[in-house]
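Here come two complexes built around subunit A, the first alongside subunit B, the second alongside subunit C.
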Partner chain A sequence: MDFTSAYSRDNLSFLLEGFGLTLWLALLAIIFSFVLGCVLGIIRYAKVPVLSPIVGLFVELVRNLPLLLLIFFARFGLPELGVSLPPFWAAITALTLFEAAMIAEIVRSGLNSVDKGWVEAARSSGLSYGQTLQQIILPIGLRRMVPPIVSQFISLLKDTSLTVVITLGEMMHHANIVMGQNSRIVFPILLLVAFMYFIVNYVLSLFARRLEARQT
Partner chain B sequence: MISPDILTDNWDLYLEGIRNTLSASLLALAGSFILGVIVAIMRITSFRLLNILGAVYVEFFRNIPLLLVVYIFFLGLPALGLTLNGFISGTLGLMVYTSAYIAEAVRAGIQSVPIGQTEAARSSGLTYTQTMRHVVLPQAVKIVIPPITNQFLNLVKNSSILSVVSGFDLMYFGDIVNSYTYDTVSSYAFVAVFYLILTIPLSIASNALERRLLRSG
Partner chain C sequence: MMDRAGRLPLLGILLLITMLIAAGCGGNNKAGNGNAEPSNAPSAEPGNDAEAGSDTVLSQITERDKLIAGVKFDTKLFGLKDPGSGNVEGFDIDIAKAIAKKLLGDETKLELKEVTSKTRMPMLNNGEIDLIVATMTVTDERKKEVDFSEIYFNAGQSLLVKKGSAIRGLDDVTKDTKVVGVKGATSIKNIEDKVEGLRVQQFENYQEAFNALKAGQGDVLTTDNAILYGMTKQDSNYEVVGGTFTDEPYGIAIKKGQADLVTAVNEVIAELKSSGEYDRIYEKWIGEKPETKQ
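And then the complex of A and B:
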């Protein structure tokens, strides 16, 4: 094992550049999947005719497939169907759809956990369904959803490493390139990459735990 | 759009892939269950050092990507002189990664049994092992089964990681079929169908178990 040549200036800056792209991928996918997941979850909860069953089918399909398959499909399958996306956006699409399906389930069960009695009370005191949703169900449900959603974001950050199969230049891809130079630096590089993922995810998980502790 | 020929011509490859995906998932499940229970016990015993080791294990493997864990076995060990093939390193990676999640589920299950029951059992003369066996574990198992079913579902999906290290799983053979038929949509569509056949029953079982647990309170 050769730590000195593994952690050379060139290698470190190359890995850091990859880490930047990892974080950027994760951030964009977090934003998109959060918005889409909330919309899908609310539609599924509200039992809108026609729309809810379609969303339900989509969520169940995507949730039960490996993300790797979606990444491959977005990158190589979509062009065959006439949708050509640059690799970066193919990755964002796959990550967003997969994580949105997960978040939709969290949102739906969070909303379902709101006491039916409160909903009935709100409705019988004259609030419309939309008002009840907006003023009673969403604020209470959302607070309960925050910890599992943060955990989902941690999964998402880890899942960005799967885009290594379509070589975008995120951290795992750059780590692969660096490790290819010399077998004696493989272990030190794996350790460093693990450390970088760990720091970000651990901070996020501490944050999730604090939110959880505050609720109870 | 989707040509059935792809399936009939490559039936053997797909079947081989399903077999390997299933065996990797089952092996990893069995291994991660045993490892997970050991780590959970480490976390709840009264030895401070074991508590810390257990916590470090869980936090480390839950906060790094699965691919990295697989790489530790596939790329890291050969650098130290021990070479493993893709299937074995993939399965070991899955096992270690999943065990961290199972450890947390088992720990939560055991700790959800009120401490008063343990105290009552101990003061009526049961030993620690008897208390665990007759009082705590039977109740904990009920709580632990739904999250473990869910982990198994994740395991089947995550086993697709084997394809990244040439582990001969379903995803790997899907890539092979795609690479020489050039029919990406069909090749992956059949891979998707096979994964759904494996995962949907697990998903239904996991939901049903969760509902049953909620009802029984």
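And then the complex of A and C:
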């Protein structure tokens, strides 16, 4: 093991550059998948004719595929169907669809957890279904979803490392390139990479715990 | 209480949507930097370009005045990116430069795109890269999907010994020779099949196996010669002996139906070999002259 040559300035800044792309990938995918996941989850919960079953089908399909396959498909399968995305956006697409399906399920179960009595009370006091959804079900349900959604985001940040298969320049991929120099630096480099993922995810989970604590 | 509870998450959603719009605007530029350059080259539609004689890969290369080669970025000696300078260097890279020089008159008219063993075939067939120079072994299976140039590197399993060792090749290895290797590698099976009764002492990784050899726990270390040459670069007291006893030669892969490009690349390889340039590149990366017997 050779920590000195592993943590050379060049190697560290190269890894940091990869870490930047990891965070950027995660941030964009988090935003897109949160919005899409909420929409899909609400549609599935609301049991809209035709639309809800279609969404249900989509969610079940995507949720049960390996993310690795989706990433490879977005990068190399879509071009054969005539949709050519730059590698970065292929990765964003795959991550977003996969995580949105996960979040849709969290949203749906969160909404389902809202006491039916409250819904009935709202309806019988004259609120329309839309108003009930907006003013009663969503506010209560969304609060309950915060912890599972944050832990889904933590998974997402880790999942970005799967884009290593399409050689995006994120942290895991840059680590592979650095480790190619010398087999004596494999351990130190992996240790550092693990540490960086851990720090970000640990901060996220502390944040989730605070939100959870505030609820009770 | 209901009211307060209600506003918080809705506000959060609004905030997120604003961020989403902001990020969407800034996103385009940033994506380009992250190595994920939008591939501007592959205008050729998959499927119909093979028969279109006037629009060959070779003519695309001349038109664009740049050769796009798929190479490894993480493989020592053959294609490794230097984190400091950002340059990719290695045996494969020098071969790709020579091809660019021959086709376009200038070795800098070369774009290197990273490939791995999983992405190189689809990228070649998509038209994202013109050819693959990435430690790719020529096999009959692969010949069904792509065409190969002449062999440019004789890869295969070989033996590493301390300089001056009595072992000069596979014939000197008996069942009592202390051979070390790496767990799970096919190379162990290969040599145990060739030398009856031999039991290879297995280590977790190449570095441990090399350390064991240095410590005298073994007389011979066996694996792919490309990896063994990397070890001789780490410690010049060791040498690779006896040539290769398995056959996994590297070729340059080109899309099917591009006979003119294959011919051009073969000419480059032949010229490199006859001019002595090949020997120079070989020695620069491998650390010794290429074997003459092949």
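One rule holds for everything that comes next: the second predicted complex is superposed on the first by the 216 of 216 C-alpha atoms of A that agree within 3 Å, B and C clash if a C-alpha of one lies under 4 Å from a C-alpha of the other, contacts with A are read in each partner's own complex, and residues count from 1 in each chain.
Here is the rule we use: a contact is a pair of C-beta atoms (placed from the backbone, for glycine too) under 8 Å apart; a residue touches a chain by one contact, two chains touch by 3 or more.
Just so you know, these numbers come straight off a predicted model, no measurement behind them.
Peer 1: Regarding the shared-chain residue A:S183, is it in contact with subunit B (first), subunit C (second), both, or neither?
Peer 2: both
Peer 1: On the A-aligned overlay, A:A26 touches which partner chain: subunit B = first, subunit C = second, or both, or neither?
Peer 2: In the superposition, A:A26 contacts neither subunit B nor subunit C.
Peer 1: Could you say whether A:F76 touches subunit B, subunit C, both of them, or neither, answering first, second, both or neither?
Peer 2: A:F76 sits against subunit B and subunit C alike.
Peer 1: So, A:M172: does it touch subunit B (first), subunit C (second), both, or neither?
Peer 2: first
Peer 1: Give one of first, second, both or neither to describe whether A:S205 is in contact with subunit B, with subunit C, with both, or with none.
Peer 2: After superposing on A, A:S205 lies in contact with subunit B but is clear of subunit C.
Peer 1: As a test of reading the superposition: which chain, subunit B or subunit C, is in touch with more residues of subunit A?
Peer 2: Of subunit B and subunit C, the partner in contact with more residues of subunit A is C.
Peer 1: Quick one: is A:A122 in contact with subunit B, with subunit C, with both, or with neither? Answer first, second, both or neither.
Peer 2: It touches nothing on subunit B or subunit C.
Peer 1: Examine A:V55 and indicate which partner it touches, taking first as subunit B and second as subunit C; both and neither are also allowed.
Peer 2: neither
Peer 1: Is A:L67 touching the first partner subunit B, the second partner subunit C, both, or neither of them?
Peer 2: A:L67 contacts subunit B only, not subunit C.
Peer 1: Which of the two partners, first being subunit B and second being subunit C, lies in contact with A:V193: first, second, both, or neither?
Peer 2: first
Peer 1: Which residues form the common part of the subunit A surface touched by subunit B and by subunit C?
Peer 2: Shared contact residues on subunit A: 72, 76, 80, 165, 179, 183-184, 186.
Peer 1: Enumerate the contact residues on subunit A facing subunit B in the complex.
Peer 2: The touching residues are 1, 60-61, 63-69, 72-73, 76-77, 80-81, 154, 158-162, 164-165, 172, 179, 183-184, 186-187, 190, 193-194, 197-198, 201-202, 205.
Peer 1: Looking at the complex, which residues from subunit B come into contact with subunit A?
Peer 2: Where subunit B meets subunit A, its residues are 1, 59-60, 62-68, 71-72, 75-76, 78-80, 153, 157-161, 163-164, 171, 174-175, 178, 183-185, 188, 191-192, 195-196, 199-200, 203.
Peer 1: Which residues of subunit A touch subunit C once you look at their complex with the stated criterion?
Peer 2: 9-11, 13-15, 21, 24, 27-28, 31-32, 34-35, 38, 72, 75-76, 79-80, 84, 86-89, 91, 135-136, 138-140, 142-143, 146, 165-170, 174, 176-184, 186
Peer 1: For a test of understanding, state which residues of subunit C touch subunit A in their complex under the given definition.
Peer 2: 2, 5-10, 13, 16-17, 19-20, 23, 27, 30-32, 34-39, 42, 46, 73-76, 80-84, 114-116, 118-119, 122-123, 126, 205-207, 234
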